[in-house]
Amino acid sequence: MTVTYSSKVANATFFGFHRLLLRWKGSIYKLLYREFIVFATLYTAISVLYRFFLTGRQKRLFEKLSIYCDKYAEQIPVTFVLGFYVTLVVNRWWNQFVNLPWPDRLMLLISSCVQGRDEYGRLLRRTLMRYVNLTSLLIFRSVSTAVYKRFPTMDHVVGAGFMTKYERKLFDDLKSPHLKYWVPFVWFGNLASKARKEGRIRDSVDLQTLMNEMNKFRSWCSLLFGYDWVGIPLVYTQVVTLAVYTFFFACLIGRQFLDTDQGYQGHDLDLYIPIFTLLQFFFYAGWLKVAEQLINPFGEDDDDFETNWCIDRNLQVSLLAVDEMHMNLPKMEKDIYWN
Amino acid sequence: MTVTYSSKVANATFFGFHRLLLRWKGSIYKLLYREFIVFATLYTAISVLYRFFLTGRQKRLFEKLSIYCDKYAEQIPVTFVLGFYVTLVVNRWWNQFVNLPWPDRLMLLISSCVQGRDEYGRLLRRTLMRYVNLTSLLIFRSVSTAVYKRFPTMDHVVGAGFMTKYERKLFDDLKSPHLKYWVPFVWFGNLASKARKEGRIRDSVDLQTLMNEMNKFRSWCSLLFGYDWVGIPLVYTQVVTLAVYTFFFACLIGRQFLDTDQGYQGHDLDLYIPIFTLLQFFFYAGWLKVAEQLINPFGEDDDDFETNWCIDRNLQVSLLAVDEMHMNLPKMEKDIYWN
Amino acid sequence: MTVTYSSKVANATFFGFHRLLLRWKGSIYKLLYREFIVFATLYTAISVLYRFFLTGRQKRLFEKLSIYCDKYAEQIPVTFVLGFYVTLVVNRWWNQFVNLPWPDRLMLLISSCVQGRDEYGRLLRRTLMRYVNLTSLLIFRSVSTAVYKRFPTMDHVVGAGFMTKYERKLFDDLKSPHLKYWVPFVWFGNLASKARKEGRIRDSVDLQTLMNEMNKFRSWCSLLFGYDWVGIPLVYTQVVTLAVYTFFFACLIGRQFLDTDQGYQGHDLDLYIPIFTLLQFFFYAGWLKVAEQLINPFGEDDDDFETNWCIDRNLQVSLLAVDEMHMNLPKMEKDIYWN
Amino acid sequence: MTVTYSSKVANATFFGFHRLLLRWKGSIYKLLYREFIVFATLYTAISVLYRFFLTGRQKRLFEKLSIYCDKYAEQIPVTFVLGFYVTLVVNRWWNQFVNLPWPDRLMLLISSCVQGRDEYGRLLRRTLMRYVNLTSLLIFRSVSTAVYKRFPTMDHVVGAGFMTKYERKLFDDLKSPHLKYWVPFVWFGNLASKARKEGRIRDSVDLQTLMNEMNKFRSWCSLLFGYDWVGIPLVYTQVVTLAVYTFFFACLIGRQFLDTDQGYQGHDLDLYIPIFTLLQFFFYAGWLKVAEQLINPFGEDDDDFETNWCIDRNLQVSLLAVDEMHMNLPKMEKDIYWN
Amino acid sequence: MTVTYSSKVANATFFGFHRLLLRWKGSIYKLLYREFIVFATLYTAISVLYRFFLTGRQKRLFEKLSIYCDKYAEQIPVTFVLGFYVTLVVNRWWNQFVNLPWPDRLMLLISSCVQGRDEYGRLLRRTLMRYVNLTSLLIFRSVSTAVYKRFPTMDHVVGAGFMTKYERKLFDDLKSPHLKYWVPFVWFGNLASKARKEGRIRDSVDLQTLMNEMNKFRSWCSLLFGYDWVGIPLVYTQVVTLAVYTFFFACLIGRQFLDTDQGYQGHDLDLYIPIFTLLQFFFYAGWLKVAEQLINPFGEDDDDFETNWCIDRNLQVSLLAVDEMHMNLPKMEKDIYWN
């Protein structure tokens, strides 16, 4: 479930963000504690090895190695690579959110433009609406792990009421080696055209408004599919991951506290716990986790989009709007500011 | 209230921005003085401790610690992390502003396309307009602390004249586990469709222009809701906050003036007041405050959007435009450039 | 007036940009010479003080202070803060330019869709056009210092022929505590609707095209107003200004040429004139000036938008297009490529 | 074929991205192993030369050269230049993907708005659809190496059924020195207009919706063509490539392990294998490869768009939608939530 | 002419970009060789002066100056300033390309919506199309040096067949102190409106589609004009140029090889040719040249847009499409996939 904290930061207050540091759900700690334990354990192991098991000559060698690693750790441009990469990932993630297909615009139009409170009218509106929901479900099945788990086969789709048995047969009969998520839209268009002929949709203006809206919906669907299909090039992700992992590998050795008696520059204090290196681990690994969480927002992370909830909400709300609420208007009354 | 200073910077003048440095309202000083006092106090406390209470050996140890902290403070990439993060926050903030739902476009259309100066016509236009305002109010209640405080329950909404009692009943009767801010739009669509049948809206072209405009309004509303619902991932905010806080923590110790007699490099001057560190505190903490202020622009900060004012303005102006001003045209006269 | 130099840089030539360095109007020199004199004077004063008035011990102290300042001057992240900030300001500035309300689209539509070469037809087209120009004038008065100076009261607006006396009366009679720049648009919509009824606008398709165009125009107006109303948060501007000013303050002391006999590292040359520091002053202060010029492009800077010119041009051109040119077509002839 | 890995990163897990590091297809290793071998070989050759073949004096000289190179290697701003450049390339690449011309929107409209299940109606719909597919094929031939290989001449286009012989003759007869990919669109427009006259398209509203959609499709085509025609300026690409190559050239000499006995600063350890330099090679060369892959996404790289697949899919799917599926609606049934 | 190299980089291959380094046309070498010669000559002159003409004391002074310059050269933030500036220039350049006014969309509409194969119909379509081309020519004359050279006066415009003599007279008779590129659009609108009355354009839906498309075309024109009129503020360009020039000036002195016997740090090797400084010259000066080339893409650089070609192509193609091709349809045949 998306982690919402905006109400917590409505006002900028005294050390305002510090409260955010104390949350667990969706937090950097929850995401990173396992990696942190691994990192800390390795660091400790190397430290113990250096302090208690190495001979004098080995220690001197290790110290040189440590200084060498430290020098290069600083040259790895983790900050920039991460900065540019995370910006890219965050933009894609937000665009995916903005292009989630909501049927609200269509349901408002169908509710007001498809006439008739009789059974045929109701059937017409509900069917049109169902086709819209069906398409978004088919797309969600392709892009979201969570939705795919819930609807592993077309039987589940039929079972959940998004498709009738007859529709499924027709759907399966269409011979095409390609994805068929566009099929319900062809039905939608043809059904709307039929309703126009039967006078249920008054004229071409009404019809074309509906068709345009449907095409908008289709564009959202296909854009969502596109984001899933063509991701950030693997090479880019690998470059960034390599850079971060290399940095931490270099830190494991390079940030050890060396024997203060040897007089190495910058090594005249032994704190045992490398507090700043551990904090750096949190920044950089945390930043990478931001990318990891957002690169596919249709999984089951704390911060991923709640697609299953969307599907349910959209079906329930849209059937309500086009059927029960059709021409079920509140009586008009004068408002309190009348004259 | 939004802090407007653009008229102060209309012309680029001699040291033009310096006047901005002397403002209090919405200023960095007002936002940061408490944090600044805490930081300065802690710095002083540590300084006093070091200068007067530590023994010689403790002093030597502290000095080493201070140099160690100073070295790492410089390695924390506060600038970049903040740069990328603040850019993200500012973009989101501006998009939220641009997507504030203003009913002006709809009111112009309703005023010119919904016919009839009789009572029924007036009622029709006012009711349509009221539904629009009602939706934006329902959305604002969800996203803005200030608006929620003013309208804590639906009773307040009814009391303020945005909804009639009858509408509220119908609204409450709709069974849905989901948010119902879209309900007034279904009413709007159906009412417009009814007005079309009754000839109050002349034809489908007029009707569909209205419907399209309404759908635009709905998109603003839902985008606003989306910005509130799906914020910047908590992890990102935590990473940035951690980086800044760590930096200042390192500064508290690392930027102390050490005993000049010890001959540490770069420590041959004791100014008592770490003027540049304090200024750095203002830059970085100020930059973070920018993010903190803008991350939720619907609070009650000096720089937040005045949503309550918007709600009042929109209702007043839109009822004025669709009712009193409907077909109340100034007499056409020849302008002074005629021929 | 906007400083146009694009024709000077049409081709990339030998040291192509150097010619730009020699311009005065709108140049960095014109904008910065006063600040530069102040900076150079202060630098000289400190230099003279150090060289001739301080005693030996004071000199030693000053030298330590200078080295201390120099060290921290380098730590101030002026480049990044400025880079991110100026990018933000430039984007806003360009968006404001792109959203300047030009009536051309509307005038083309009015000229071709509002029928009748008789006096009533002319009056209709001119009045519609005048309403459009009036709105943009009302907006410009709010956002532009230059326009406000030219039209300090509504009397000036009436006097310049943008509004008739009768319209002004109606305008003033409208009771609203809020800005009323939208009023002429309500008139526009209602007048167009009236023209539709009288057959001067042929059908709803023509009418709605006009209305849509008008709503586009209105959006530009309100966006312009929004940019003025909700500026870049004051805190951000203050952070940047503080950073730059602090940097220069640190430079004043830290970039002094110290006694070469004292053997301070990097201080074995006395050039008297700190040529690179002065150039740095030009970069950074110049960059900040870019922001200062663009943050409100409606002032009277060399590079600001010529709003008063726009207003005149728009009125003259649009009345010409809708009146004199209406159905005043050149005779159709075969072009020279016929067959 | 595009390398899709989003399902692998649906959830942020323990060291989540590490699995991505172990892939071969589309990976940094596959792209870089040849360059890496060259780089490592050169490094080894120089190392062997230095260690075994140079005389003492030559060694001293080489050491100075190495230190000199190392110093300047660090000054080359590879990170930034690459960061800005790759951001530009990635944005262009994604825009190209988003503007791939999909005929789905048009096929939905044609299927619902062009009437008649008789042969003439079928022919009309299929021909209109074929023109759309033909245009995108003509464009793809211009921009994609892979498509050009498959359709080297217009004969292949005719042979694959995108064009009839008669159409080709008419196409060839048109005298124009310019590209003629727009020709099928003129046919499309005129054919639709003819269908309108014959009543196969009901009215102008239906027709204009079709025409608008076609113009949208045309814009995608021409934008794609534009991206191919006007690439990132060659100079920019050369600057970036030069910077990266220079950096690696400097590293070849500057990152050699020098004789530890000579006591050069930072050279008191001889690891033989310059592990961090090799990793840096992977970051920077990998980052440049990202640009190289994406700068023309219509080639035959692992990560390029599958244009040939698109062409087949579009033809098959669109003919299916406008012909077989036209007015072939599933029987309407009550859904399971009815009442 | 635009330098197209995308086909050269279709596939990412072994050291893929190196082939680009060997091109001359539009390359960094062609653009920079003159500046490079100047830079190298100056460097050599200073070097010779230092090595052969200075006395011992002068040499010592020069060496101090050189070290001083080198130190500050590194502090000049050329990379960032260039990075942010070039990003801005590249974005503007691309937007200008995307907004080049192509008449294709209009010609498709005119060809299908303006009826009649008789002479009057042909004249109507050709005249409408000519007005469109005329406007874009008028705009191009304002923004492009190359076009202005080809059409220095309105006589040339008439002579090239874009305007008839009668039209020119009417054009000149219009009294307006402002640019008149919008005039042909008023004619276009009025002529289309006339055609509507005469039944050549069937109804308002067809007419308004045309008008909307024309307004889109007009927006491209005016945006292009806007980019030319309001450039990047001169101050910004000056700041960047100053920074780069200062850097190279500092390098001329600071990157000299100093007497190795004097034992200055980092100066124990004399290579005579400052290879890395020369390469740096190529990066930074090349990056600035990118900006110089793109800041006005309507000149005659290798990489500028071929506006004269566009003008010819647009006229030829659009007259072809609206006249010869009007209702000149290929016979419909069954395609090879029929059933």
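The chains carry the letters A, B, C, D and E, assigned in the order they are written, with residues numbered from 1 in each.
Everything below uses one rule, namely that contacts are C-beta pairs under 8 Å (C-beta built on N, C-alpha and C of every residue); 3 or more make two chains touch, one makes a residue touch a chain.
Everything numeric in this text was worked out from a predicted model, so none of it was measured.
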> How would the subunit D/subunit E interface be labelled, same or different, where same requires over half of its residue numbers to be shared?
Replying inline: different
> CA centre of subunit B versus CA centre of subunit E: separation in Å?
Replying inline: 39
> Where the centres are mean C-alpha positions, what is the separation of subunit B from subunit C, in Å?
Replying inline: 24
>> If a residue has to touch 2 or more other chains to count, which residues of subunit D qualify?
In response: 31, 80, 83, 87, 203, 205, 289, 293
>> What's the contact topology between the chains, one of line, ring, star, complete, other?
In response: ring
>> Please list every chain around the ring, with subunit A first and subunit D second.
In response: A, D, E, C, B
> Which part of subunit C faces subunit B closely enough to touch in the complex?
Replying inline: 31, 34-35, 38, 61, 64-65, 67-69, 71-72, 75-77, 80-81, 83-84, 87-88, 123-124, 126-127, 130, 143-145, 161, 164, 166-167, 170, 174-178, 182-183, 185-194, 203-205, 207-208, 211-212, 214-215, 218-219, 222-223, 226, 228-239, 241-243, 245-246, 250, 288-289, 292-293, 295-296, 298-301, 304, 315, 319
> Where on subunit A does subunit B make contact in their complex?
Replying inline: 2-7, 9-12, 14-18, 20-21, 23, 26-28, 31, 74, 79-80, 83, 86-87, 90, 97-98, 102, 104-105, 107-109, 111-113, 202-203, 205-206, 209, 213, 266, 268-269, 271, 276, 279-280, 282-283, 286-287, 289-290, 293-294, 303, 305, 313, 316-317, 320-321, 324-338
